[in-house]
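In the two assemblies presented below, chain A is common to both, partnered first by chain B and then by chain C.
Then we have the complex of A and B:
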């Protein structure tokens, strides 16, 4: 999908050849149009699953208590285990529920009602046991997965170290092969490990010496470490702002003997394992945030309808209405993106949706934060007290932009992956241009002139054989215009910066933001087209939400892309960098106080 | 006539609240003066006018001088005598109090303030001696010596020509000296100048110019040196080293505090202070140093802090001829995003905003230190102290390239036993200094004071 968006700029010929994600609107239709659906049996299965989980969360889970005591009570944990929530994506032959990504996302909507539980579950199965699931061999799966799926054993993912976040080169934990070659000894410490104190099985990444072509080199390897191996100790639980019921602590490994058969994948192949786990763990955050916002809308709308000021209920005030519209649009977009991505991941084969998952993660974590804060604002002072759950949601929500890859880093990932993709296709053309090939230059100038004189861009989304419903035609046109403009923008960025783009973070951020908006637009267009076509309940509301979001995103994109143009007065990057430099040089705010005098 | 003049003078003095002694002396004259009808003394202005004319008279007529001579006895009013006044009153103790006393003695001695210009010039010269050259109150007191209202021009002709040029020039000179010492005048100065010379006078213009520039220049130096440097050599070294290093991460280590010990043979042993500074990046550089190449301890290099000169030593190496080794790109470096783009396109020339900087081959400086003694033994102590945090120094040959240059200038007074150079203080001639940050000066408002 991303490829589609990026490549459309290059027009027809080149883009058709693009391999990665298939480019032209024709193929794009196959990727995101129509919106992915679940079969009837699966829909029924979802019904059966959702009801008890919802009931459990409504009746058994006391979020305020979990937050206050900073611990999930054992009876709640047992309830979760009985529901099978610890092995949602573990195949049925290993005792799990064997859910698809789509159903998993649906359940995440409910588990997200309590941040601590959601994080505990995610640390267990979205990253903790994922290594065994996607890269483990049959023996490892047979040995570990059944107990993990039942919740008898809890899993954790140990990658972060005091000196290493995203930087694999600074991982200090080391695994040394014993003399008899039967096991590795792991030494080192990992920090901020979710479930660190409770986990029995851990996926640990450590440095190993690998001999390749006769040269010794340090490579990262992934290990399955049981607490029972001995030598594993966990530190004091971190006292956190939110998700207080989830356990986060430091885990130290002191000469932990790990048998060689517990290496996940091959020795030295840990980097790929880590990347795959991280990339696949993110997509569910979209539905989680959507679930949370839907709940918040219910809670706040009741208050807004009953609270009266000046003989009018709060819901009659425009500024309050705006907040509800914002929450509804955000929930709608998140939902659309989350299930589109999940559906794409459920397609046969192993589709790489890591960029899409990153987009979903960024959009939902930031949108979630805004919505939670606005929901609290509706209640004003009441929302700020512990009598209402809003302050807890605000605190819990704050972790979303931070964990599973910070939004900053994910933006880099999105933008750079996109640029890399576009670069492959456009390099030849740009080189010709730089050489002064008049033909290419004229071709481009002609194209720009054409678009400047209002020739409409048409990727075939609308019209006779279009995939977008006519009610959304205007939004689809806006999307197409954005895509076309984005194409020329990317081209000029490549022309200007080439591979030195890596260091232009402010530019990459905007590229990522445009991509996020474009993907969100696609998702809502696709989803609401389907809803209209099949006559879903309240589909007119969906059309309204989709059109609202698209026109909003259209202007945002245009602004962002204007900023990306050369010598754009909207672009303050030089000043921003200078301000930051002056402040950081002094490590302080350096203006003199307004009350200071010089004479 | 005589007594009228006396009365007028008295009144003006009273108005200015200057003298008490005089009033006692002349009080006996009052009845006769006040009995004279039509005497224009009802307003200050009128008084001043009369006063002014009288002083003009006094130029042509010898009467007032005689009168004053009668009063004060046999005082010669030459420049030499003014200087003597300082020597006389403040024989031994030269402080602000005695300086003020001298000024007071002068103002009280003669109600006409005869010779005040000479006195002010002499006082200005003496100020550094008394250590009051940076004291705004003293300058104001000095300006207060000028008689008030006398030199204010009364009509356009006076205003057109240089009215009382000597006095005005003297006033300018006072401000000039303030300027040279970086003293910003305050509102009191302004009020005095207006009272003495009027609001369009040369001293007033000088004042305005100072007030225009000084506040603007107050913070031009991003690295201000405090007026009062720390007394303790360790503190001074700490201050100087952080100033040279200008790195917020750099850590100052005191390797040895100065102390005096008595050895077994009964001799005093003075152990000099050794204070060093090193930043984490310097430690990193040193750790990467090729152990087969020597490092050098070089110095002493001078550092001037206002009038004080201190010396420092550096630990450095020769520039490495080897090319910079760039770390090869490791695609498995970052878990989250590619650190490099695999695109065969360079940055466009139009977007290359880097300056072409010529690289100078200058060796890396690994650490700096200051010590009370610049001999090899002392500096060796520093190196061994450094070695604790930089183990590589154990393997690297360390060469001492010490220079005894600046020390020779100091003459034979210093012996080897004492600290060989702590601080060389030089008396500077009054060069124009930057506007100092006057913490002592009370901020006052000038708004509404414009006259």
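Then we have the complex of A and C:
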């Protein structure tokens, strides 16, 4: 049965609990208990590296000015380069810092204090030069990485086109092989390119003609393009709502000659390279958002504690207190998820954590947006003015659910990847059924009944040999219940829809939301269990945050899953679609005005 | 001349932290509080590294006295350009009562052991504001001292030091070996860049016990009580001089 298979591994089954099977049908692999631990050397390193970066951002970064002038001053850029922030994940042998994903995420907490700088750095190294790093050959790495790591050259990632955003596979930019086979000529234009005007080295994606088994096909390839090759032009900087100091513009390629040696990976294998690049940088949004929220909590609480109305300080009012709890819980979840994911990614063997990274991105972008808005609300009218940084944080945050893969697309990815996995298992079961294995059918029915009557579910998280600390037992049980219900829900969805599930976005959205909550619950349970066992400072507060979040998520999940049941009265999807259809057909709100008369 | 400079660096509570007194008034809260290198010590390190870059001296050795965490401070000095470090291990009660007298004895012993030509220290630490270590170290070694230095230059085997004093600036010329204590305007310390921090991991830090240096850490000072400064009261505006005099009389000030 899908929902309740425990991955039985040798040795300590609990400690190696395989979330993959626990949260089946999702491909959440890796071991989430115990919470990843950094080595001694790395722990010391982190302390050392954080200090100068924090100091620089506190003393040398004028965010208000950067936002107002819509540019990062050259002195600040130089300071960032000298600090070494342009080559954080480039290996030391190529002149970078060779930082692990975990340490990179830690520094992202600090760079996030200025949105424009954060995006400029990320566009350069998390995606701009990442292709060379993860898919480039030795020659390419030796040639390009050193100057990119020092910041002498800036990188950009050129995938999106006017006609191809979320539908990245439909790009039209073309790379034609020359007669003599020595180079490609690239033609096309890209939009929304961060660092588009300043980049010297760009990772460009274009269609190439590929011949396989005598059949011609048009596949995407990835190229390292130097502005110096000629034919590259950048448009004027986009006038944006937020991250105004980060340069965003169109980039046009007019017969740009690119040597064949500059193809990254295989010709025709570019789409995969693009996806791998995007997947690898996503998780750090968790720590960036957490860093920003933590800062906001400091700024906002100062005000809430001192501002008085009705003869009481704001901090005494429930609705204000709620906002601080919201920010604390969100920061806690984001941190926990970000470092859990980074820790898993740092394990040897390059585990695929793309689903987890997508989850972190969605939670952090949406949570961040809500939190900055609530922080602004605490300051009231003051928060709305440019005299305070809140409005800038709000504007800077709005891009988070949009770029690096829209949250809508990522929800589809999370849900479908999980469904695919479940589908495989289910297909196997169906085959058994068809072969006449009645036992399987009874087995499934039996387990369905069992969970329908809410009998206790036990995945070994709690109890004598459990990995979760007793003070988190209630939350762990809620988690287990959610997982079991989820398993049956998915199974029933697959029976109902089969392959046409792909078009049921409102269903997939809920599936994704449940998965996001489940991963978040896992992360907080794992993190706070660790904090208790190592006696971390204020671990009681962590338990409080974890239990609060899990309780909230538990009920939200149950509601979502209730809506997913067959003929669920809580499900308004049919109406929603009908409303949308009528509005979109008319391209307007269609109700007659309440003041109109028909008589 | 050995061309070796000893720089003392102290780990203190970060200047930006809001200090809180412990509930039992025995001291301030240090647990979980952000610590960093004393700002005047940063200036001292910067000066030493500058001298090395000008090729006036050959080696910069960073010294810190304290528990395990003192190594972080030494590492910062190494990342700024010091060549190697010496961690003098002082823990527990000894660390709580460690003061300028003990530290100056340690530095004097190390200066002799390392054959140092110059000792540069920060003029004072921002936690205890003692402003004594430089002076005591010089006295113990019977070396000349250039304290509150806002400018230092070497002329042969002599040191020209511009000192910040109450009346303005004083320029003195002293023999080496000498002790210099750095004041605010001596220089602007460089950021320890991340690449330099990574390189500094390869530099050595030696561990030393005060006992091996023949230093007795017993303190002559006992802290009785620590209190927060009195809360600043709001002021009052007055219209005329007579009002002012009246108010001063009322509150018993005159």
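In the analysis below, the second predicted complex is superposed on the first by the 549 of 599 C-alpha atoms of A that agree within 3 Å, B and C clash if a C-alpha of one lies under 4 Å from a C-alpha of the other, contacts with A are read in each partner's own complex, and residues count from 1 in each chain.
As a working rule, a contact is a pair of C-beta atoms (placed from the backbone, for glycine too) under 8 Å apart; a residue touches a chain by one contact, two chains touch by 3 or more.
Please read all numbers here as calculations on a predicted model, not as lab measurements.
Peer 1: Counting only touches as set out at the top, which of chain B and chain C does A:567 meet: first, second, both, neither?
Peer 2: Neither partner.
Peer 1: For A:97, select first, second, both or neither according to whether it touches chain B, chain C, the two together, or no partner.
Peer 2: second
Peer 1: Applying the touch criterion given at the start, work out whether A:45 contacts chain B, chain C, both or neither, answering first, second, both or neither.
Peer 2: The answer is second: A:45 touches chain C but not chain B.
Peer 1: Touch check for A:82: first (chain B), second (chain C), both, or neither?
Peer 2: second
Peer 1: In the three-chain superposition, say which chain, chain B or chain C, touches more residues of chain A.
Peer 2: B
Peer 1: Can A:236 be said to touch chain B (first), chain C (second), both, or neither?
Peer 2: Touch status of A:236: no partner.
Peer 1: Identify the partner contact of A:593: answer first if only chain B is touched, second if only chain C is, both if each is, neither if none is.
Peer 2: Neither partner.
Peer 1: Once the shared chain is lined up, is A:53 touching chain B (first), chain C (second), both, or neither of them?
Peer 2: second
Peer 1: Quick check on the superposed pair: does A:216 touch chain B, chain C, both, or neither? Answer first, second, both or neither.
Peer 2: The answer is neither, since A:216 touches no partner chain.
Peer 1: Provide the residue numbers of chain A that touch chain C in the complex, in ascending order.
Peer 2: 44-45, 47-49, 51-53, 55-56, 58, 79, 82-85, 88, 92, 97-98, 537
Peer 1: Across the complex, what residues on chain A touch chain B?
Peer 2: Residue positions touching the partner: 159, 166-169, 219-220, 271, 274-275, 278, 405, 409-410, 412-413, 416-417, 419-420, 423-424, 427, 430-431, 434, 494-502, 566, 587, 592, 597-599.
Peer 1: Would you tell me which residues of chain C are touching chain A in their complex?
Peer 2: Spelled out, the residues of chain C in touch with chain A are 16, 31-32, 36, 72, 75-76, 79, 191-195, 197-198, 201.
Peer 1: Would you mind writing out the residues of chain B in touch with chain A in their complex?
Peer 2: So the residues of chain B in touch with chain A come to 184, 211, 214-216, 218-219, 248, 330, 332-348, 350-351, 443, 446.
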